[in-house]
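Below: one structure in structure tokens.
Chain nomenclature is as follows: A, B, C, D and E, assigned in order of appearance, with residue numbering initiated at 1 for each chain independently.
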Amino acid sequence: MADFLAIWLPSWLALTLAALVHVTLILTLALTAAAAFTWAERKVAGRIQDRLGPTRVGGRFGWLQAVADGLKLVSKEDIIPRNADPLLFRTAPYVSFCASFCVYLALPFANGWVAQPLDIAVFFVLAVAGLEVLGVILGGYASGSKWSLFGAMREAAQVVSYEVPLALCAVIPVMVAGTMDLVAIGNMQAGWAWNWLIFHNPFLFITFFIYFTCAVASVNRAPFDLPEAESELVAGFLTEYSGFRWSVFFMAEYASMFAVSMLAAILFLGGWNGPLPITVWLGLAPNPATGYEPHALLAYFGNFLGMVNILIKATLGVLLMMWARWTLPRLRIDQVMTMCLKYCIPLAAVMFVGTMIYLYAFPVGLIFRSGGG
Amino acid sequence: MEFSEIAKLVAERFGERVVGVVAEAIDPWIEVLPEAVAEVARFLRDEPRLRFDFLHCITGVDYLQTDPKRKIEGQPRIELIYHLESMVHRHRLVLKTILPRWKDGVEGQLPEVPSVCSVWSTANWHEREVYDLMGVRFLGHPRLERILCPEDWEGHPLRKDYVMPLEYQGIRGR
Amino acid sequence: MAVEGVDPEVAECDVRTDEILINMGPQHPSTHGVLRVVLRTDGEVVLEATPHIGYLHRCAEKIGENVSPRQWIPYTDRMDYLAGMNMNLGWSLCVEKLLKLEVPEKARHLRVIIVELNRIASHLVAAGTYGLDLGSFTPFMYAFREREKIYDLFELVCGARLTYSYITIGGAMADFPSGWLEKCEKFLNEFEPVVDELHALLTDNTIFIRRTAGIGVLPAEVAIDYGCTGPVLRGSGVAWDLRRDGDPWYTRMYEGYEFHVIAQTNGRYPVERPGHPVPKAAVLGDCWHRYYVRMLECVESMRLIRQGMEKYSRAKGGIGEPIKLMQKLPKGEVYLETEAPKGQMGFMIVSDGAAIPWRARARSSSFCNLSVLSELCRGCLIADVPAILGSLDIVLGEIDR
Amino acid sequence: MGIVFHTVLFYLLAILACGFAVAVVLSNNIVRMAFYLVACLGAVAGLFFLAGADFVGALQLMIYVGGTLVLLIFGVMLTARGPLANIQTSRAQWAMVGLIGASLLAVLLYAATTAGKWTHSGQIVADRSHVSKPTATPIGLALLGVRADRLNAERTDAALGKGMAGYLLPFEIVSVHLVVVLIGAAYLARARRRATTPPMAATSGDSNNLDPGD
Amino acid sequence: MINPVAEPVSLMHYLVVGAILFVCGVVCMTAKRNAIGVLMGIELVLNGANLNFVAFGSPYLQSGGAPSLGLDGHLMALFVIVLAAAEAAMALAIALSFYNAHATVDVDQANELKR
């Protein structure tokens, strides 16, 4: 985009503009996603619990509920407890939000639609997503409340532990793909659904579920929502937060939920490629078999379809997390750690070795053809 | 086991210290001296024929005439009533003891009675409640503190001569 | 570094943290009211839990000394406000025992229907909030939906939804309105599948079992020692139910009724769910059993209601007259316990012959059940405290009176 | 007049890094120190990205900021209680430290400003946005013993052919070292605690340290 | 007056930042009495050094051919980060152990060997 603008503008202005556009787009996406998911969460919870959910604000389905929530939160009194460390207390929510927002910098939405193409995108995404924990820990500690401290301690223990199996699970598709570049990983899954990495081999199929479990745990969603565990720790690290700061934490949570789901979609579920190679049939995407290259406009439209595709996949992942949250009781901290150390890590390691052996045994794969169409 | 047999067993064992046996009441009771309460309780629990393993509750009743229309029988006193049951033999018993309203007749000195905490653990809270609301000191209780009223509350509300304070911590009482 | 000689009393453990004294309550989501538990913890491990009660104390017993027995009935409603009917019944029976007043046959069956309905309502709250304590929100909504239906039924008979003052000394305030029995039957039919739903969401859920089985084990001797009653006692495997084992003045009410006392004896429950054995991890007397006893009792209560409705419709005569508001009471002391949903609710009346009792006393089941909390919580994790507390199913209105 | 973005970003991140580093030194509260350190290391990671070391930057974020510092803050939370959070340093000590710091800074700055001379480098920057070079692959290969960047070099010695020119041995040593350290840390950090729990004390808060208030 | 942002940065700029970090770290190490504060100083020192490694290895800061360190710079930085993590874990374990034994993290109190 910077190159495109540089035709008319000085390069530094072009760069600035391009950067601003990227940031605005991503920020809008993250915030819209957070707003949409607060509404969806209430609706899903309502339906699961045999009630309607929001119905009043903005029409029959309560479309504007998220806006109403936001207004309510913003207009609430901003309370900082006397025992709190004001500086850290104020900063912590933004640390969390920045971390979960920065993840989107390296997440592609379609072929080439990525704010900052990185050849180590997977690594970057995992690293930055892990930083969210800092905000939670600082917030919990700075609140000056014992419940918050407990929440922060749990967060530290839980998230740092779950980063290990999460990274291990993410490494397996990377190993199959041979690259950490998310765009490349997404593109190589083009074609029919069986080109998706999840169907590449049985080990990867299982890995997906381990990944998803660990992802739920690392974004603190039920049944792993121990840092805020409202029936045990009042609200954990959020106990002393109210109003706007609380909602920033909240947005960070939804943004990272969406981010890990998107990463799952790219790594395992074909990214922006649908189950059928429709874009290839319609001539919207390059066809490696015929060497066809679509016109820029057509390619743009194809990419747009791809973006819709990946957003749907990621949303499904988030909905799955909601479903789990409203169905399952919460685990206990020792059970959470047991699950990570005794089940997730060894299983992920076994899957890693299994995939390695599989790759060695079937170098071209059984049904999977790289970049097929 | 029938009440009369129980009463006989207890009377045999404790002789003089059993002050009265009232069999004709709806819930017949045995009355013992205050100082014998813990001993009797232990006997009632441990005696294989009795095995009163379950203490329902401890009730304090304050007898003090405050209303001229309602005469009380006998001296002003506090009665402690223990409702017991044996889950093994399926029989019940009411154990009573009578205390003076004030120890040694000195106003403000709480009457004393041995605690039965070591016999039934449930007595712990019940005795705290009686202490809190009725003002009876249980000797040998591990932690005799107020349980329902705040720690700094004054007086024992279930006593007949209790007057609600005008103010507590700046809150209007009456 | 200074490493002194190894102290024989010193054991190697994981990372040491400082002991923290922390207040759970009186404002806490899972203390079921204004209970305050002071926890002394080492990291996540609870070394000691001390309940502090009295935040809802109203000195109901003092009020009882100043009003007539019938006037005290509304105050009993507010003790266990989740089972007001059972509280009304306990006090009414106690005064009736003093008055030697027998209620007509029809009123007897009416009372059975009403108190068993309220038992279901109370157990539904217990099961629903127990799910909430463990972080599962949905069972709560399911349970409360059914409870609402029971409250609708109560509203039809007495106009109130929570504090009924319906069962009274000498019978009940009013007979069932016409068509009520059919509505009740309809509710029972609707409720049956919901029990299975709750079983699916909680009882058989692996996480639920892991959170409750083997947690807060209360041996039968300790339960008896601490005066625990009701589902807490029966969860420890003591088949003791006042409806069967209580004072004749009370058990007479259930004469001719068939029901099981829900307690695991000799390794099995009298009622079993086919295909769903008790999980292996569950130990008799743990949270899971306490919860399970309540769930089975719901079904048992439904059986009782069905029998009661049949007997009620066959019974002749009226439902009895309430005694006069200021009726003189005979002299005497009477203590009577009834099997309320939370446990044995005892009432005592000491009368000197006047219309107003000399002393009114309420023995609260939750009070005794709660006293065992510090025993159960020693050495558990913080997350287990709500699990244990929820399984005791306390209601603070009754504890603090 | 143009603006070189590399430079702008460099100054931004450099000021952040230096500012937070100074804040670490000046702060007395240990938790705030940890927070400043996080910010400082994050800015340094940004500098790494800017210098074209993507992989090292991401690693810095993941291991340093995400791992080490969480551990550090965890340690702070376990130990920083009341007065321990702020241990003051005396004025004399500060003066001495200032002297040492200033002299060290002088030496290092002199070295830094003359670096151009002894590295024979000019002041050239490639426009970052037009270069995209894989950074992970050569590093990974080097860790396995193959120097991808030297394959075309005129100097091909025997060691390179055998894969011994890379960092395979250090890599293995480090991995073993890490295992040892993990076990050692776990062993060291285990606490000695009384096997018997102390007798139940009345909990009506007596000392400030154990105040039950939230 | 030259516009600083119009000029490309050189190796020197990076080295200056590295030097400042290094000195801050050294000052932190010597001035802080809190064991964990000292640990933070060490982290700063290591980062200052790391920045130099990366700068020397950067392909963008050199002219005419290969950077002075090239890949080796990156690799050294990598090893430093990993070893710093190990070192932090170890030092923290020692600090915790010390805290458990003495209920303080003041390094000036750790003088048993002197006595």
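In this text, contacts are C-beta pairs under 8 Å (C-beta built on N, C-alpha and C of every residue); 3 or more make two chains touch, one makes a residue touch a chain.
Keep in mind it's a predicted model, so treat the numbers as computed, not measured.
> Please identify the chain with the largest separation between its CA centroid and the CA centroid of chain B.
For chain B, the chain whose C-alpha mean is farthest off is E.
> What are the two chains with the most C-beta pairs touching?
D-E
> Looking at mean CA positions, which chain is nearest the middle of everything shown?
A
> If you average the CA atoms of chain A and of chain D, how far apart do the two points sit, in angstrom?
Inter-chain centre distance comes to 27 Å.
> Measure off the straight-line distance from the CA centroid of chain C to the CA centroid of chain D, and report it in whole Å.
About 58 Å separates the centre of chain C from that of chain D.
> Roughly how many whole angstrom separate the Cα centroids of chain B and chain D?
Inter-chain centre distance comes to 70 Å.
> Could you state the distance in Å from the CA-based centre of chain B to that of chain E?
A distance of 73 Å separates the two centres.
> Going through chain B residue by residue, note those that touch at least 2 other chains and give them in order.
Residues of chain B never touch two or more of the other chains.
> For chain D, give me the residues that contact two or more of the other chains.
Within chain D, the residues that touch at least two other chains are 2-4, 55, 59, 67, 71, 76, 78, 135, 189, 191-192, 214.
> Enumerate the residues of chain A that touch no fewer than two other chains.
146-147, 153
> Considering the complex alone, what residue numbers of chain D touch chain E?
1-4, 6-8, 10-11, 14, 17-18, 21-22, 24-25, 30, 33-34, 37, 40-41, 44, 47-48, 51-53, 55-56, 59-60, 63-64, 67-68, 71-72, 75-76, 78-80, 84, 87-89, 93-94, 96-98, 100-101, 104-105, 108-109, 111-113, 115-116, 119-126, 128, 131, 133, 135, 138-139, 142-143, 147-149, 167, 170, 174, 177-178, 181-182, 184-189, 191-192
> Taking the touch rule as given, give the residues of chain E at its contact with chain D in the complex, in rising order.
Checking each residue of chain E against chain D gives 3-28, 30-34, 36-37, 39-41, 43-44, 47, 50-51, 54-64, 68, 70-71, 73-75, 77-79, 81-90, 92-97, 99-100, 104-106.
> How about chain D: which of its residues touch chain A in the complex?
Where chain D meets chain A, its residues are 2-5, 29, 31-32, 35, 38, 42, 54-55, 58-59, 61-62, 65-67, 69-71, 73-74, 76-77, 129, 132, 134-137, 214.
> Residues of chain B touching chain C in their complex?
Per the stated touch rule, the residues are 25-27, 29, 53-57, 59, 61-63, 69-70, 72, 81, 83, 87, 90, 92, 94, 120-122, 124-126, 129, 133, 146-150, 157-158.
> Tell me, which parts of chain A touch chain D in their complex?
2, 10-12, 15, 85, 87-88, 91, 117-120, 123-124, 126-128, 130-131, 133-134, 137-138, 141-142, 145-147, 149, 152-153, 156-157, 159-160, 163, 180
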